[in-house]
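Before anything else, here is the set of structures, which you'll find just below.
One chain, chain A, links the two complexes that follow: it is found with chain B in the first and with chain C in the second.
Our next item is the complex of A and B:
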């Protein structure tokens, strides 16, 4: 059966809330019912059929042909099946997804992958601020799953990460791993100011020595640990990276000592 | 003298109201920016509610930074009065806005009459980015500097917290031993900060430091807003919708999102098609950018540049009586007009706008 495809007719004039277009929400609906679903967020009631041409029947495999920075909450609450967007998306893509896979071939806005519980989300372009982080008033960020950004991420990537893996492959802005509770963040490329600020536990893994650390992170030498090799293998097996990130004897900083000092930053030594 | 204009042409107030109401009724996505007293803010929010728009304060970014401490983390706060009467140890954090310098100087000239009743001592955590304009105040207060060369304020706060907990850091702050001694002696140390001087991350670090101190004793903080009127608007918004500014209405329900409902961003990215600018302070002009039509309710004697409709409004406490927030007393206060004028209040004009809308609706405030 052909994938259920939403082809963008023209760029939307307003921000759209696409949280209702997931496999679970669309199961059992006819084409007409889908076309009548309201997705507009302004005074005029914009419906799916006003913005997209709908083809295909397989609701467990949804494709958005064409993207826009005004596509908000795409894949939010995804629990099974697969979704793919061939362009950019707006804020809160994949928010609270608990299973399945979401692939964004363009860039994503702020709060991409906010509070993911499980599943796999991949952004081939860049991501905005607060990657995987909670919204205002929420206490916990990402709780599981894998979140991959092939481009750059903005500030506060992995805010309040509790479990799971976030990988950013072309660098990130300031405060990566801000208020981390646990989990793992991988960053290849440059990091901005003060990564790991207020982190309690968890691991920040870098492909180079971090430049702008808080003085409350202390160097811990180059421990020979099994974790780095195992995790390198995990990154390659999951097709997140095609080469080892840390090697067998990475450099290590411990911190944030302003909090409890139980977190760690591991980085690849350049001389090897 | 004219108080209303369509474009640059003076018109009667009634004509201007009718014209503005037509623009509001036909707008797909109206947005509202305000800088007014409590009544002006309430009327603007009520109009935004009625029209399904979004609203923000004119100092939206600074206010969002201050609000983020409360929405994302929380904290321990006391009132300025309690700090003045009970605290013998004040630690200033970052740059304190000039409007609060009188308050701090008044504290310096008094002695606590409750608690340990010791003479007050002052410390200051500055950071490399702190503006030297605070130097005069710090000299007057004889504040002891806690700093480490080249460190940002956020990094200094991290080092301060680590050192007060006896944990290691790569650098040390100057005069830290003196601060530890003062903390051991003081019964109620108070940290004083403003949202404009520290990034939200630093404010969170400061609040966690205060939580640490409360494990063994008592400590708190005084939050001095960067702009009293803006903070008053935030409190007014909370009481009306349950959310601070940067709130919008989708399907008649309010939702708070500091990114999606950032009015300036919505204008720049051409999401909004109508901007209602309410500023009673005078001398302020709406930010440029985007293609949204502009309705300006401004304390002005000339039409606002680029506005489809301009209506002159008065300022609370000058042209008419009003209610505003005062951080000195930590609550709202009434203001009497000091130079009553013919200019109508923003809330009166907005009520007339609501009545001129199709269906003749009454504002819910």
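Our next item is the complex of A and C:
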């Protein structure tokens, strides 16, 4: 059966809330019912059929042909099945998804992967600020799953991460791992100011020695640990990376000692 | 007793009687195979028989770096006990005293079972608050800081209720050297069978036992029917040409593993021949009433 495909007719004139277009929400609906679903966020009731041409029947496999920075909350609440967007998306993509896979072939806006519980989300372009992070007032960010950004991420990536893995492959902005509770953030490329700021526990894994580190992170030598090679294998097995990130003897900083100080920054030593 | 003959060696028409057990397996890795094996050997020391040791344990196979979770050389260790609680107790104490303590070691689940037993879940407290929990790839690990870095340990391992303990072979020979020759050949062959271990020293036991004894409280006592020095004075199973008997005891992850191991041992000893090895091969049983699993030697001759 062909994937249920939403082909963008023209760039939307308003921000769209696409959280209702997931396999679970669309199951059992006819094409006409789907076309009538309201996705507009202004007072005029823009419906799915006004913006997209709908083809295909396989609701467990949803494709958006074309993208826009106005596609908000795409894949939000996804619990099973797969979703793919061939272009850019707006904010809160994949928010609170709990299973399945979401692939964004373009770039994503702020709060991409916000509070993911499980599943796999991949952004082939760049991501905005607060990658995986909670919205204002929420206590916990991402709680599980895998969130991959093949390009760059903005500031505050992995804010309040609780569990799971976030991988950013071309560098990130300031405060990566801000207020992290636990979990793992991988960053290849340059990191901005003060990574791990106020992190309680968890791991920041870098492919190079971090610059602009807070003075509340203290060097902890370069222990030979089995975890780094185990995690390197996981990254390769999951096709997140194609080479080892840390090696068997990474450098380590412990912090943030401004809070409990049980977190760590592990980084690949380049001077070997 | 009827006997078959293969390559000049008599094979008794009898069977090994074995019991259902609980088993688990772990993978121990280290910077070198030597240190992985050292941790495994230490952990499986004093684990020959459930009668006195609480569990039976040994190395199943050595694993190359490409076959272990962390890409370092390692080995798979199997542990057998009569009940789940005892198995958990033995696993926890042996892991804590023998693997956690061994230089560079790490420990992973070696079995996907229906139920699970704690590994790192019970050792993490050694970290005194500095232990790190990591969940990725559908698995849960604990990282415990130690003096040479970290002890990495998976949180749990699997438990199987399909395990079988007590498969055995008896090698009867003209003298001790020949009995040992035969038994060593069998051990080498059985070591290659996956999912089967031989918990006794070097895989071999010289003090085969019978159930009970004349003294109160003895659960097992010497197998006098196979003791050559008592040949004249007890109801012996030995003919005059036999002066030494050695036994191999096999525990398997499944009944098939035990059968495969016995088959491999039988073949190795028969191929070795009677001149420098065993004159006769037998097996131990309790009349067939105690153990659920019976392995008839004649069925295992390939």
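Keep this in mind: the second predicted complex is superposed on the first by the 272 of 272 C-alpha atoms of A that agree within 3 Å, B and C clash if a C-alpha of one lies under 4 Å from a C-alpha of the other, contacts with A are read in each partner's own complex, and residues count from 1 in each chain.
In this section, a residue touches a chain if its C-beta (ideal position, glycine included) is under 8 Å from a C-beta of that chain, and two chains touch if they have at least 3 such contacts.
What you are looking at is a predicted structure, and each value in this text was computed from that prediction instead of being measured.
**Q** After lining both complexes up on chain A, report clash or fit for chain B versus chain C.
**A** With chain A as the common anchor, chain B and chain C both fit in the superposed model.
**Q** Between chain B and chain C, whom does A:1 touch in the aligned arrangement: first, second, both, or neither?
**A** Neither partner.
**Q** Classify the contacts of A:226 with the two partner chains as first (chain B alone), second (chain C alone), both, or neither.
**A** second
**Q** Quick check on the superposed pair: does A:201 touch chain B, chain C, both, or neither? Answer first, second, both or neither.
**A** Only chain C is touched by A:201; chain B is not.
**Q** Return the chain, chain B or chain C, that is in touch with more residues of chain A.
**A** B
**Q** Touch check for A:238: first (chain B), second (chain C), both, or neither?
**A** Second partner only.
**Q** Figure out whether A:182 sits in contact with chain B (first) or chain C (second), or with both, or with neither.
**A** second
**Q** Just checking: does A:262 make contact with chain B only, chain C only, both, or neither of them? Give me first, second, both or neither.
**A** Second partner only, chain C.
**Q** Figure out whether A:163 sits in contact with chain B (first) or chain C (second), or with both, or with neither.
**A** In the superposition, A:163 touches chain C alone.
**Q** Please work out whether A:136 is in contact with chain B alone, chain C alone, both, or neither, and reply first, second, both or neither.
**A** In the superposition, A:136 contacts chain B only.
**Q** Report, in whole Å, the shortest distance between any C-alpha atom of chain B and any C-alpha atom of chain C after the two complexes are superposed.
**A** Value for chain B versus chain C, nearest C-alpha atoms: 16 Å.
**Q** Along chain A, where are the residues that touch chain C in the complex?
**A** Answer in residue numbers: 144, 163-165, 182, 184, 201, 203, 223-227, 229-234, 237-238, 262, 264.
**Q** In the complex formed with chain A, which residues of chain C make contact?
**A** Listed in rising order, the residues are 29, 31, 69-72, 104, 106, 129-130, 132-137, 141, 143, 148-150, 152.
**Q** Looking at the complex, which residues from chain B come into contact with chain A?
**A** Interface residues on the chain B side: 27-29, 51-52, 68, 71-72, 148, 151-152, 154-155, 157-159, 161-162, 165, 167-171, 201, 204-205, 208, 250, 256-260, 269, 271.
**Q** Sort out for me which residues of chain A touch chain B in the complex.
**A** 13-15, 17, 41-44, 69-70, 72, 91, 109-111, 134-137, 175, 178-179, 193-194, 197-198, 214-218, 256-259, 261
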